[in-house]
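As written, the chains take the letters A, B, C and D, and residue 1 is the first residue of each chain.
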Amino acid sequence: MQIAMVGLGRMGMNMARRLLKGGHDVVVWNRSADKVRQMQDEGARGAESLEALCDMLKAPRVVWCMLPAGDVTKSMIEELSTILAPGDLVVEGGNSYWRDDAANAALLAAKDIGYVDAGVSGGIWGLEIGYCTMVGGEAEHIMRIAPALNALAPEQGWKHVGPVGSGHFVKMVHNGIEYALMEAYGEGFELMKSGPFENLDLQGIAALWNRGSVVRSWLLELLDSALAKDPDLAGLKGYVEDSGEGRWTVLETVHHGVAAPVLAQALYRRFASRQDNAFSNRVLAALRNEFGGHAVKK
Amino acid sequence: MQIAMVGLGRMGMNMARRLLKGGHDVVVWNRSADKVRQMQDEGARGAESLEALCDMLKAPRVVWCMLPAGDVTKSMIEELSTILAPGDLVVEGGNSYWRDDAANAALLAAKDIGYVDAGVSGGIWGLEIGYCTMVGGEAEHIMRIAPALNALAPEQGWKHVGPVGSGHFVKMVHNGIEYALMEAYGEGFELMKSGPFENLDLQGIAALWNRGSVVRSWLLELLDSALAKDPDLAGLKGYVEDSGEGRWTVLETVHHGVAAPVLAQALYRRFASRQDNAFSNRVLAALRNEFGGHAVKK
Amino acid sequence: MQIAMVGLGRMGMNMARRLLKGGHDVVVWNRSADKVRQMQDEGARGAESLEALCDMLKAPRVVWCMLPAGDVTKSMIEELSTILAPGDLVVEGGNSYWRDDAANAALLAAKDIGYVDAGVSGGIWGLEIGYCTMVGGEAEHIMRIAPALNALAPEQGWKHVGPVGSGHFVKMVHNGIEYALMEAYGEGFELMKSGPFENLDLQGIAALWNRGSVVRSWLLELLDSALAKDPDLAGLKGYVEDSGEGRWTVLETVHHGVAAPVLAQALYRRFASRQDNAFSNRVLAALRNEFGGHAVKK
Amino acid sequence: MQIAMVGLGRMGMNMARRLLKGGHDVVVWNRSADKVRQMQDEGARGAESLEALCDMLKAPRVVWCMLPAGDVTKSMIEELSTILAPGDLVVEGGNSYWRDDAANAALLAAKDIGYVDAGVSGGIWGLEIGYCTMVGGEAEHIMRIAPALNALAPEQGWKHVGPVGSGHFVKMVHNGIEYALMEAYGEGFELMKSGPFENLDLQGIAALWNRGSVVRSWLLELLDSALAKDPDLAGLKGYVEDSGEGRWTVLETVHHGVAAPVLAQALYRRFASRQDNAFSNRVLAALRNEFGGHAVKK
């Protein structure tokens, strides 16, 4: 099929490559032109502007956005709403907040343009093994992009999960779970590193556990790989960013009254990993000094 | 090789089967004789008593214990210490507390009998795909049982992780992590069930995520399978047992000063799952009534 | 001073009483007239309608709202904006979300009516000991209501904490902390009830700890009192409601990247206290059955 | 009454002073003699050795130990068992693990010497306001030391809570709760410091909340005091020690199957406060790099 990819970052560029490999006619646009040229070299058609991109597609068009979530994506949706024509279709594949999808869809619907939200997992491995993709929207719209999804995802690796917003919602929960899985391995491996047996071969244990144990997983394969490169992770700082999805997941648990101690702790640990001398801890040190005369570090 | 399996419960019996399939000469003993007869039918040699079992093995003997952890295992080690001969070797493959291994080893070492502790993962799937096995002890002892381990484990699925006790220690951490992984999926799927999108196809999402997503894992495959049988898990009570390993993991984090919020929460959630009308919650209800006049349920 | 109290629920009625006791001229209004009559009997002037209430006050008027948070309060602010006159002042003393205060203030400011948000703590004890009150808004407005605050609060028991919204924000954090303090006592007392020493005199211990120990507090005095009435809290169901503030506090910690494991856990425990057979726990039971063949309860 | 105080650290010395103030005949011993001399100046009788201390007391003797928990206390109990006479009584008032009390008591009982365990709260404020004291042991023994307890504690500030060990057990839970209360305030105040309203007067808010709010407590009074000295706690490092009691409390919750998310989190936060570049966090950073190509800090 014919499809446009708007945004050629780490994710968008590799997705364009999978679409090309799948035999699709891919038109690309990016803020900086060098990446457009690079994809032209790889077989895509490059557009110099969004207007040009529209002209290069036959109606009804399909435009897949793969841009930073938030204002950048919002502006792009607005801009596309003025450029695209009735019957066209926008797929928002970035890490948008699912609560923003309804507004995006409404904006486009006013111009009779369709909207699909797609939550995309797979990271840098997606190019090779495919992107696990959760899509939300109307069945008719999703049927239209099925050929592209088939190229992007591994076999049986995409799914229409519900109405507009549900693709990003399911992807959000996916990431909330991901944080907690990572934290679980982190805590367990720290215990093995700090516990009673010195010099346990952590890499070997990660590899072992991937052979028939209950905790085997893709994350554990990645940990095996990371430990193989640097057995003590000595070259790393334990400074852990978080993206919107982990936070939104916790917000959602609060909104819906779902007890989620593990999901929330995993998020808070990331916050704390980036904090030096937290005020909370200073309060404790101050209180210990007040009631117990315990020495404090200055 | 020649090896005895003592204890033919769910784990021990299937392990005896894998050993037989691996071409080993397996002598079995069990408290109740019917399981011994069953394994005889499958090709094992059955012993009527521990003394008989010893006689049926050529020295130096290898006896693998697969019994309930705690007193049952402790008594068996003591009994074996009086029956076996210098040079023999005991493998404790049950869910023993790693802190008990040193005493077991010492008891046997006094009779010049060797001791290996083996943490075994794989559950009811081990028969088919093999048991991931973590062994602790002396290299010479472990080399001696390598043929048996090769039959029990999947390819590259066993490892000598350290001195006596370390096999059970690593298995303990494995289970601690397992609890937290399970809890992470549990919370995430509850959020999808309770959240803004009704009737999400949870089984389909579990299956989907196993296709290229970051959270794919064996546990998620099992969840896919469980949801396929009962999409709402309506036939289940959310009453979750815990075994020693999860508790011991948390104790260890406290002993070693390792912050493990996610591992501990996963354990506490299991405690709470078995509690009705927790006193802690009654304290809260009472306090709300005291300061706010809030109605309480009787 | 002259002041109107709108809303005569548990909080509003007792606050009107403290204002009367402080010698103020209090005009009251309530949706149901019986409470208005009751306060008339106690010395207040009763209004039959909001318009009548306005007429009974000399300009510039002060109207204190003490209504259920959310839509009821929002509607009242809107209605007051059409009835009051420039120069008048509204105090919103209910449990409003601090993020709603700006809109309330803006709505009234468009009519040149002032707005103060007041977070009020003290529960049913406020009548006797005074209401600890956190107020947000412009200094000029707060100065105008100082005589009322002096009557409502204990000595030095009110404070202008910042601009509009900050009163409710500080009260929100207050309640977030309150949840965690309650949970801490709840868990500790459950441990004493379930631990190795049988029949500990929990009421006596609560009373004791209020005599010079580090954990003495007003909540612990209330717990002493509750346990004195019912030593096992046997007559209570551990079903614990939560109001908006505890949830908003957790949302705020996520928005601001503040690690708050204890505040969040206290909230989640309340969620769980109201849940029977949580889906999360059913997921765990299902998984245990899948990998270990562990029996499940139906 | 006549009583010996063994150990003149921060706690022991001030407790000797309260005993003197209560009109008791206090004999003191300390490893370093200067503190003995100091207490002699204040009216105590000083002993040059434990044997001398025994000689200076009339039988039946009462010896109160106030030494560092663990080996130091254990050695002292052993030494006293060889010096004291049948009918004498030892009070262990240090921060001993309650599980050690039974052995202490048995050791002394073999010599017909009594044993009482006393959990003492109050910190550096105890001198002035008295020490809240939880005692475990036989009623006859506790009756014998009642005059001393009356002098040490505030009015109604001591209690016989149960058999040997229960005094330290109750004190242990007290400290577990204390950790969580402190953490609750810490998190709440950090949110106020980091939240949407800049420059909130945190000291003023702590003072305010102690005036009639639900969260008023002694710890909050201490926080008020600490913030009055250093409003931003800028001179402090958020490095928070933990003593045995907090850890033992968590161990106990695991042993007894009591869900205690808040108590455990408070402990873990202290662990984390002392850690730089935790391995757990490095695992997360490594994983993010592996699956997402996310930059890591070296």
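Everything that follows uses one rule, which is that contacts are C-beta pairs under 8 Å (C-beta built on N, C-alpha and C of every residue); 3 or more make two chains touch, one makes a residue touch a chain.
Everything numeric here is computed off the predicted structure, so don't read it as measured data.
Across C-D and B-C, it is C-D that has more C-beta pairs touching. At the far end from chain B, in terms of centres built from Cα atoms, lies C.
The centroid of the Cα atoms in chain B and the matching centroid in chain C are 48 Å apart.
Separating the CA-averaged centres of chain C and chain D is a span of 34 Å. Multi-chain contact residues of chain B (touching two or more other chains) are listed as 123, 125, 183, 185, 187, 190, 194, 214, 218-219, 253, 257-261, 265, 268-269, 272, 278, 280, 291. Contact residues on chain D toward chain A in their complex (touch as defined above): 10, 123-125, 182-183, 185-187, 189-190, 193-194, 218-219, 222-223, 225-227, 230, 233, 235-241, 261, 265, 269-270, 272-273, 277-294, 296-298. Contact residues on chain A toward chain C in their complex (touch as defined above): 214, 247, 250-251, 253-255, 257-261, 264-265, 267-269, 271-272, 274-275, 278, 280, 291.
The part of chain B that touches chain A in the complex is made up of residues 121-123, 125-126, 129-132, 134, 153-159, 161-163, 165-166, 169-170, 173-178, 180-181, 183-185, 187-188, 190-192, 194-197, 199-201, 204-205, 207-209, 211-220, 249, 252-253, 256-263, 265-266, 268-269.
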